[in-house]
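Worksheet: the structure to be examined is printed underneath.
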């Protein structure tokens, strides 16, 4: 079966070759665990291969993201790297929501969906990332509404034919975790006053995988996964 | 007393021969624990014996399920393997809900019940699986409504005369666990940064059973239960 | 003071002779802990002594119960063993609720009470069991309603002059536990991946009792309590 | 300062002589911890000294209480031992509420207060016990209502000039604990599968006290407190 | 910078000289931890220095408080020790609320504020204590109302020019803890069945302080803090 | 990339040079952990370099703050140090809210925003601090309202072009933590009765950082971070 590289060697090995193309995956982890870095590595890996990719940012503005990622050696100004700025704090000119965002939850999801569909009309994207879902969830009044809307959103994403990565800052998730084809978790463990970073695959439909938590680092070249090491040594 | 094989030798031994035919069982476990694989093994075991079986999928689309299962050596295109695609994210043409799903909870349960009854008119199924119940529960507004509707659903299932497996992603369950004849739990234990998989039987009416947690693996040939091993060794 | 045997020797010893006749007791324990088996042992002990007994089943249908219990050597077809099938999933012909059950909570309790009173008109029962209370509690909208109705139900039970056993699947209980004369708890402890079963008496008005948790097994002859052993050995 | 014996030597020693007369105390503990036994010991100690005492029972009926206590050597038929049966499950003839109890919370408290005041008209009671408060709290709709009503109830009790013991089955308490002059807690500790009983004084206004948890037993002669022993030995 | 003694030497040392005059402090601790004793020590220390002080009691009546404190050697009948009885259970003649207390929360706070202001008209108090805030919080319907009203109350207290101690029985606090200049906590630790008492300073604006938990005792001479000892010795 | 010193050497080293200018950071920590001291060090570091800075105080009044900080050697009367007193307990004359504060949440945020904008008209501030956000959050009725309003507030802050520090007393935070460029946490660990203070960086966009918890002290010269030490030694 064909696999698609995440851009992170150690993670590809944990996944026994990479992600399965055309499916949707969830990357979970608290603030500062490197979800955005992982996502950018995944997308720029596509760019390197000549693929068109699409990034939707909901927390960090596109401007600071580009600054931050250039320091890690990722050039987000490549014409093959398309982006939608859906952050609530950015100035209006470059933002799809232009000050109306988060007024009503339903509308936000609609706008986001149509912004993606506009992009999709002109090109085919092999890789798409929504980073993170959190903001959408935090501004919805009713959990049930969120689930129904999210299911619809996921449906429209699945029709793109792309491999999709969704990220989430939240510890608890329900429909997101159940409906995607795989879940990758970035964890920060506090052991005796030391911070340890660990990555684990919680779910990966259609493949066996490395079931252990592996150490990872956020380096100047992006995330590195040490898939031959254990996080605890006795 | 007659027993029916789960298709997993080690699990049959834990059950002292297998499940008791004609009853309903619950398989619990978080995302990625192998509930679907276990379910498919149970059903294809029936197909091997020349039985007609019915699979109702509520999370993973029938299309990707067939791809994934064929890699494990399970052929879901056998004419004796019938399936209903009740997933919310699948394209409309192959789905019983055709875009109206999850609009109202009560209707969803009704549609699901009548889709099953349509299938049942033409054939007798010896084995039936609903995988998982979770989606139905997550879209209901009122817990009490769910319980009453679920009791009715269980009643109609029990009238099929089949051995039924229900699965659930959720940690907490109430009526499901109380009203079924048995509960099998798939657990993922995180011990010192290592993931250990364990299977245990929580409840099995009408039989004694192996009360210990036993290790299991999701292999390229499906789930293997090591019923002679303990999950912890000191 | 007169005592009445529970049908389980080890438990009688823990109770310093058995239960005190004419009072109501609660047996608590999760799914699969053997509440029904304990209850049937208690009732068939009465049958052996020539007493009339009454069993009300609310979870497992009378039909499967009889099958399961006959394997443990308990004959529920004895004319001295009367039963009421109050399960929600049974076919209508043999069930007191005939499809209307659980429509409203108050009515269910009334029907149950009057079904018991009908039985009581013809015979005196020395032993009565309601197995379990759980279903009634899970379908009530308001906790306060439940408490008031339950107090009334308990009152009508206490007027029967029988020794009564109530069972419950739920971890938390309030009025049930406070108003009965004793509480027996069946526990499943998960220690280092091993399941240990333990029975303990939480409360026993009018008598001293063995205050320790004792190991028990569900054997082919029913529950066996090892009242001379400790559940932990160091 | 004058002290009043609790009827339990070891507890008196923990209290440095006994309770301070004319104040109200709370005895907390789960079902089966011996709250009623402690209360009866406190009251019969008064009877021995020729005092009139009043017992209000809200959980166990007066009839079974008398049976149970006579086995421990406590004669509740002494003319100096007055009692009010305020249990919800007793037959109507001997009960102050006569079937109307728990209909509305406010009325229950009123009836209880006026039943006590009726008793008080004819005699002066040096010791009064309300055993337990729990039932009153469990049937109230609004926590704030309970607090206000309870404060009024406590006020009318404090005007009796008696030493008052209130008991509670509940783990959490607020106004009860803050407004009384002392809190005695009966605990059941589960350590390595063994039940250990311990008594401790949480609060005792106007006196220093033994701050340690001390072991106690419920013996055939009532509660015995081992105030020179520690509950844990290393 | 000027400091004001708490009347407890060990605590003064932990505070590096005492409290900073003219500010408001919170003393937290469960029932029986000695909050009232600490408060009285703080106030009588002022009386010894010829200062006028004001004590507002909300839980224990002034009458029993005077009895209890005289045993610890504190004379509350000194003309320099003024007190307001704001307890809900006291007889009406000596109480500012005279039976109307706790009817509505807002009014209670108003009455309390105006009772304090009446006192303040005639004298200047250098030290003021409100013991405890708990009752006011427990009778309020809406947490937001409480916060707004409490902020107003704190403002009027801060205008008195006195050093103010507020006490609280509650484990959780929010605005109280954030808006005061310091928080002192009295803790009861249960270690292996032994009760250990510890005092710690959680917050002290404008000064450094001893950050460790120190043991304390409630002796016949009041609270003693052992600021050179550690609560745990290995 | 340019960095801006926090005024605390050890913290600058943990941040690999300091904060990234023009972004917004969150400093979290309970009462008494030194959030205000850290904030003042950050601002006065700017003053030392000839920058204009703005401090908004929401808990401690400007008056007591100046007293307290002068003792630590920080002169808040420097003309380059501007401040807004937005505390609820301060007397009206020096406060922007003048007694109307916290009446409605929305208005408070508006007033705060316009007070900041008034200041900004005359000068450019390179550093701004809001200390803490807590009060604003605690007086809002609806969590969703808070999120929407907070997002707007953050937007207006981000348009100032300053490096902004927000502080929070609360353990839980959501949008605050997700939308800022970095999170610094001040922790108090209670280990065996000893208080240990530790600082950690939870998130820092655009830079790698020291991922360990490091010990810190609140000294007479302000906060000192020991970035070469570990908080636990074995």
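Here the chain labels run A, B, C, D, E and F in written order, and each chain numbers its own residues starting at 1.
Basically, a contact is a pair of C-beta atoms (placed from the backbone, for glycine too) under 8 Å apart; a residue touches a chain by one contact, two chains touch by 3 or more.
The shown structure was predicted, so the numbers you read here are calculated from the model rather than taken from an experiment.
Engineer: Give the chains in contact with both subunit B and subunit F, ordered by label.
Structural biologist: The common neighbours are A.
Engineer: Which chains contact both subunit D and subunit E?
Structural biologist: none
Engineer: Can you give me the shortest step count from subunit A to subunit E, moving only between touching chains?
Structural biologist: 2
Engineer: Do subunit C and subunit D, two copies of one chain sequence, contact each other through the same residue numbers, with over half in common, or through different ones?
Structural biologist: Both copies, subunit C as well as subunit D, present different residues to each other, with under half of the numbers appearing on both sides.
Engineer: Please identify the chain with the largest separation between its CA centroid and the CA centroid of subunit B.
Structural biologist: Using the mean of the C-alpha atoms as each chain's centre, the farthest one from subunit B is E.
Engineer: State, to the nearest whole Å, the distance from the C-alpha centre of subunit B to the C-alpha centre of subunit C.
Structural biologist: Here the centre of subunit C sits 30 Å away from the centre of subunit B.
Engineer: Quick check: how many Å separate the C-alpha centres of subunit C and subunit F?
Structural biologist: A distance of 60 Å separates the two centres.
Engineer: What is the distance in Å between the mean C-alpha positions of subunit C and subunit E?
Structural biologist: 52
Engineer: Linking chains that touch, what shape results: line, ring, star, complete or other?
Structural biologist: Topology of the interface graph: a ring, with each chain touching two neighbours.
Engineer: Touching residues of subunit B toward subunit A in the complex: what are they?
Structural biologist: Checking each residue of subunit B against subunit A gives 30-32, 36, 59-60, 64, 67-68, 71, 88-89, 91, 102-103, 132, 134-135, 138-139, 141, 169, 190, 192-195, 197, 218-220.
Engineer: Help me check something: in the complex, which residues belonging to subunit E touch subunit F?
Structural biologist: Touch residues, subunit E against subunit F: 1, 23, 144, 147-148, 151, 154-155, 158-159, 174-175, 177-179, 181, 183, 189, 198, 200-208, 211-213, 230-232, 234.
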